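Taking it in order: structure first as structure tokens, then the write-up.
Here the chain labels run A, B, C and D in written order, and each chain numbers its own residues starting at 1.
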Amino acid sequence: MVRVGIIGGSGYVGGELLRILLLHPKVEVTFTSSRQYKGEYVFRVHPNLRGLTNLQFTVENLNELSNKCDLVFTAVPHGAAIKIIPSLINSGIKIIDLSADFRLKNPKDYVKWYGYEHPYPDLLKKFVYGAPELHRDEIRNSNLIACPGCMAITSIIALAPLMKSNEVDKKHIVVDAKIGSSGAGIKPTIATHHAERFGVVRAYKPVGHRHTAEIEQELSRIANDEVKVSMSPHAVNMVRGILCTNHVFTTKRFNTQELWRIYRSFYQNEPFVRIVKDKKGLYKLPDPKVVIGSNYCDVGFEIDENINRLVILSAIDNLIKGAAGTAVQCMNIMLNFDEKLGLENPGLHPV
Amino acid sequence: MVRVGIIGGSGYVGGELLRILLLHPKVEVTFTSSRQYKGEYVFRVHPNLRGLTNLQFTVENLNELSNKCDLVFTAVPHGAAIKIIPSLINSGIKIIDLSADFRLKNPKDYVKWYGYEHPYPDLLKKFVYGAPELHRDEIRNSNLIACPGCMAITSIIALAPLMKSNEVDKKHIVVDAKIGSSGAGIKPTIATHHAERFGVVRAYKPVGHRHTAEIEQELSRIANDEVKVSMSPHAVNMVRGILCTNHVFTTKRFNTQELWRIYRSFYQNEPFVRIVKDKKGLYKLPDPKVVIGSNYCDVGFEIDENINRLVILSAIDNLIKGAAGTAVQCMNIMLNFDEKLGLENPGLHPV
Amino acid sequence: MVRVGIIGGSGYVGGELLRILLLHPKVEVTFTSSRQYKGEYVFRVHPNLRGLTNLQFTVENLNELSNKCDLVFTAVPHGAAIKIIPSLINSGIKIIDLSADFRLKNPKDYVKWYGYEHPYPDLLKKFVYGAPELHRDEIRNSNLIACPGCMAITSIIALAPLMKSNEVDKKHIVVDAKIGSSGAGIKPTIATHHAERFGVVRAYKPVGHRHTAEIEQELSRIANDEVKVSMSPHAVNMVRGILCTNHVFTTKRFNTQELWRIYRSFYQNEPFVRIVKDKKGLYKLPDPKVVIGSNYCDVGFEIDENINRLVILSAIDNLIKGAAGTAVQCMNIMLNFDEKLGLENPGLHPV
Amino acid sequence: MVRVGIIGGSGYVGGELLRILLLHPKVEVTFTSSRQYKGEYVFRVHPNLRGLTNLQFTVENLNELSNKCDLVFTAVPHGAAIKIIPSLINSGIKIIDLSADFRLKNPKDYVKWYGYEHPYPDLLKKFVYGAPELHRDEIRNSNLIACPGCMAITSIIALAPLMKSNEVDKKHIVVDAKIGSSGAGIKPTIATHHAERFGVVRAYKPVGHRHTAEIEQELSRIANDEVKVSMSPHAVNMVRGILCTNHVFTTKRFNTQELWRIYRSFYQNEPFVRIVKDKKGLYKLPDPKVVIGSNYCDVGFEIDENINRLVILSAIDNLIKGAAGTAVQCMNIMLNFDEKLGLENPGLHPV
């Protein structure tokens, strides 16, 4: 059993890491830390885990962590990871960071999108962007993983296969995202107050959303050209799930077979990407409702006959494929486990 | 009191017409017809009206309708209005049609978007597209009104003010719409079954949605140029409401003052358009949650600093400003009433 | 125009008071106070009122309030009303208090249910319990009204007509209530966080809920005997609305006609109580969904054939009939206005 | 691998059986039948299973079923099981029936609660009521299981431990149940139409609900006395889940330790019953939100200080512990597998 720990275990991502890892056949969760809930039973914060574990939240001495675990997940807020990761690196533990602090390669992007100078620009290059679909080999050979943002990975998986095409307009891609309330984290605010949040379609950040930076970084790398993304996320009335509607203008009319070929060749061996473009049925295209509880990213497409446009749809559970699930997938790769271990639950239907 | 009737009073739009008209101080509802519910009390189908009316659904002889009313609303399904409106016209009654059957001016558009040859191409020109914000004078002088589609009017109100600008790319406008379940009407299907519809973000018609035709028609008229719209509607987890996220690429960087000027000059005298672009607060941009129960269309905007893009947001209650409310607004104009009569309720908050 | 003011205008009840009073034809809102939002525009907190008012929140000198208004609504938290009402009384203004601070007649009940000695036991008798259905004449002749709790009034309206019957077991009445999130007020907590509150059926106070005291007080008065109520409220997944399922054991088998007679004779002249016991239709019994946005309390019943039990169902909009609407109804009575003024909106359907 | 089949695999219970059994390590699903969807891929109806199985729905010859499976689940509507089970019995296959057709022991109860004479009264005694918590040994030794109704099992698990007590009033037990829309099955009707079903608190069967019969049967057996249950179910705004609020009057004041003792001694070895009565935390009492996706039944209690009443709360996922999960639990017992096999997923949080 590999010993793993979780720093920041009391948030929603921490809770999902615990749920997945406690049932994982090849790892043992040796600790989960939380400053706020120090000493509290895990099941008081994550009530679904009642009866499954008697773990209590602790506060760990970072310098002695290598005695406790071989791999650590850091599920702390943006800005907090920067403060702890350098000393974790010194301890030699494998690190899977779920914050945004090490996702971007170009230090200037932190200035542009996050408004601060990154204190460890050299470290940025050492972290692998933890999207197995794009960086599996690097993940396998790295000890430092920066997991993607939830909306970023949803959009990247949808758009990556198109980035090699010369017939795609890479400067006017619209990513219109819809996300559930768990994406806002566990801290209550007026914006997440049920009476205010229920039933909204709230464009909470129509321009300038930080996940844009990750999407542009990863797509530009594949395209070998500067890709510009117009991203607008919306809070909608559900707890889990993301749908990205990716509107892509093209210079020619694509046909269905062509797109099937492009997507199938890109994803045919991916254990957690399903191409959902069915001929019939209520769920012939991706819908987050179907992937809740699973590590799947469903991807589908439609071709506009009125104008040269593709609509690429992608759906995930933001806390699983958008966070904890992808993190465990990376762990499985790093530790040479079967990549699907602990992640095989399908979604529930209906839910 | 002007006598008004409603053909097709048992659907959701019919119900909203009844609610508004029963409380309207200058009209009297003389009948409401429904084939399916003939003889049934209105409050059995529209339970909110219990105690307010003892009307029962009837089935009317269309040729004798002029004895019963001076103005009739036709709230029947698409394709059904075509069959009854010619004989209504002969009776000399003013007609406000809420179907799609007379919205498009160009008969070819019915072939392209609806898949049939329109049987009365000459009638199309006689109907005024019932958007008071664009056609108030024509509405005042007409007896034949074709009310806009719910998503169409939401998007048109958002985009119309920009159509005169040469710095707007009018060929790559993305309209990403989100709509509640009442938009699907009162007939139950597996797609609207609560267990299947709850919690979805369902791109039920990512390309080829028929409202595209109306939006292109109205915007092209204003632009005096062919406008192309890339529209994709999504079913989300609420009953009422539409948010249109209109992504507009531009050839220059607009600034806030400029946009305020454009929108204010277009809408400053409109009783039911509110420009919502506040400096602070949870509702600083349009959200359907705020307009539920009202006839308002809220419009706001953001300017992307990363790319030349405007995000224009517009929100309505699909059954009111998107149907019954706009229809009554048209009626008020046609009958020289105060345009706001019967429509002054603000929304509820929170709801 | 009668001048009215609202102390505590930034909560949900304050917002509904504003919505109703701003459109009321016979009163003028001269101020609305809020410590937290002093100086802020009302529409920033109550976004549905944007365009309807330019009022800003103020903080008032209580001793000079008689210069500003003839009647004041106090919509402050429990415990806060006690502190301000004595000086308001001195100013001679009519007072409609929406807190719990003056609802109970017996000072000992404050010790039992609220855990404190009431500082003004003599004042308790001067306040009239603001349920028009039970105390209309007293309300008309009083300047001091204590509005009922939202679940209390729902249950009281359902049960009052049965309290004169000797065949009803008055010691084992179960009131199982279901309420929306707006009942918890505007302050965000983990309990109202959308991700935690969405989809729950949370028995947040299965025993000892304070509204029990009001229900027992009012029913005991009618029964002229000590009535005991077993109340258990549940938070369910909606924003507005209450359903009370009142389970009443009886010593004989009642029949439908008998119950119709009891309820009709009690409520036949009540403008805001509808008896909903229909023979058919989806809404043949009360459902909060139907009364959202209205001042109605719908009441219906079923008779158990398996055991001598009546199920009395009652539904309201907790912010209207359960708070602001009843308060305005009381105001209309006190000022000799038509009792329905400003309160005639039916609910929306569907919503 | 034991071969199992599912008759009636296209409903929600069938879908959950498939989800659980496809991942079960010791069984193989050899067929799933559906008249309506004959030939259709399973994943078209149960979209969460896409990629997990290529099974197609079939229609089976009942007489040849023993060639195909060793155990069959019948997940057909009430009334349909009666027609097929006799011939299944002849084939010698083990049968786990999820309909109501064989749950009641007394043929007269079918007349009273279901309105028909049971055609096979002798068979009723051969079926074991499939509640492992009450009938584990009989299940182990039987080939014929009738799985409990979803609300019935929720209430029975809550109340069973109290039935031996002489201080409990067994004639006035109120079971106020709240259930999600999946309980109504997969067939769309106006009652389940999203626009009509969203946001309701609908007392759809306040008296005379058929699950009352099962509850009374099982509790009376334990009590060795006639128990009378006053059950009223409510449709609330969620897809999955049941909360039963069981109001129990007592002739003495129970204390907490006593109740802990009663419940712990009854359930301490049960793998899927959790006693949830915590001292703190948002989820200190049962809530269906916490058990969605799991086979747990959470049970908790509160003691009323105002009157001799216990409130016993119980929560399940209606499609799992209320149907497919309990059915698989019974299968595990019948086949001498670890009872928890295939059922160990905890719920998701938040969801």
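Criterion: a residue touches a chain if its C-beta (ideal position, glycine included) is under 8 Å from a C-beta of that chain, and two chains touch if they have at least 3 such contacts.
Fair warning: this is a prediction, and the values are worked out from it, not measured in the lab.
Each of B-D and A-D has its own count of C-beta contacts, and the greater count is at A-D. With centres taken as mean Cα positions, chain D sits 38 Å from chain C. In whole angstrom, the spacing between the mean C-alpha positions of chain B and chain D is 46. One inter-chain figure worth recording: chain A and chain D are separated by 36 Å, centre to centre, where each centre is the mean of the chain's CA atoms. Residues of chain B in contact with two or more other chains: 12, 182, 190, 195, 198-199, 237-239, 282, 287, 292, 350-351. If the chains shown are joined wherever they touch, the resulting network links each chain directly to all the rest.
Put simply, chain D touches chain B in their complex at residues 12, 180-182, 184, 186-190, 192-195, 197-199, 237-239. By the touch criterion given at the top, residues 171-172, 174, 176, 178, 190-191, 195-196, 198-203, 206-208, 212, 228, 230, 232, 234, 236-238, 241, 243, 245, 247, 249, 282, 285-289, 292, 302-307, 309, 311, 313, 315, 350-351 of chain B touch chain A in their complex.
Residues 12, 15, 19, 23, 44-52, 182, 239-240, 274, 276, 278, 280-283, 287, 290-294, 296, 298, 344-351 of chain B touch chain C in their complex.
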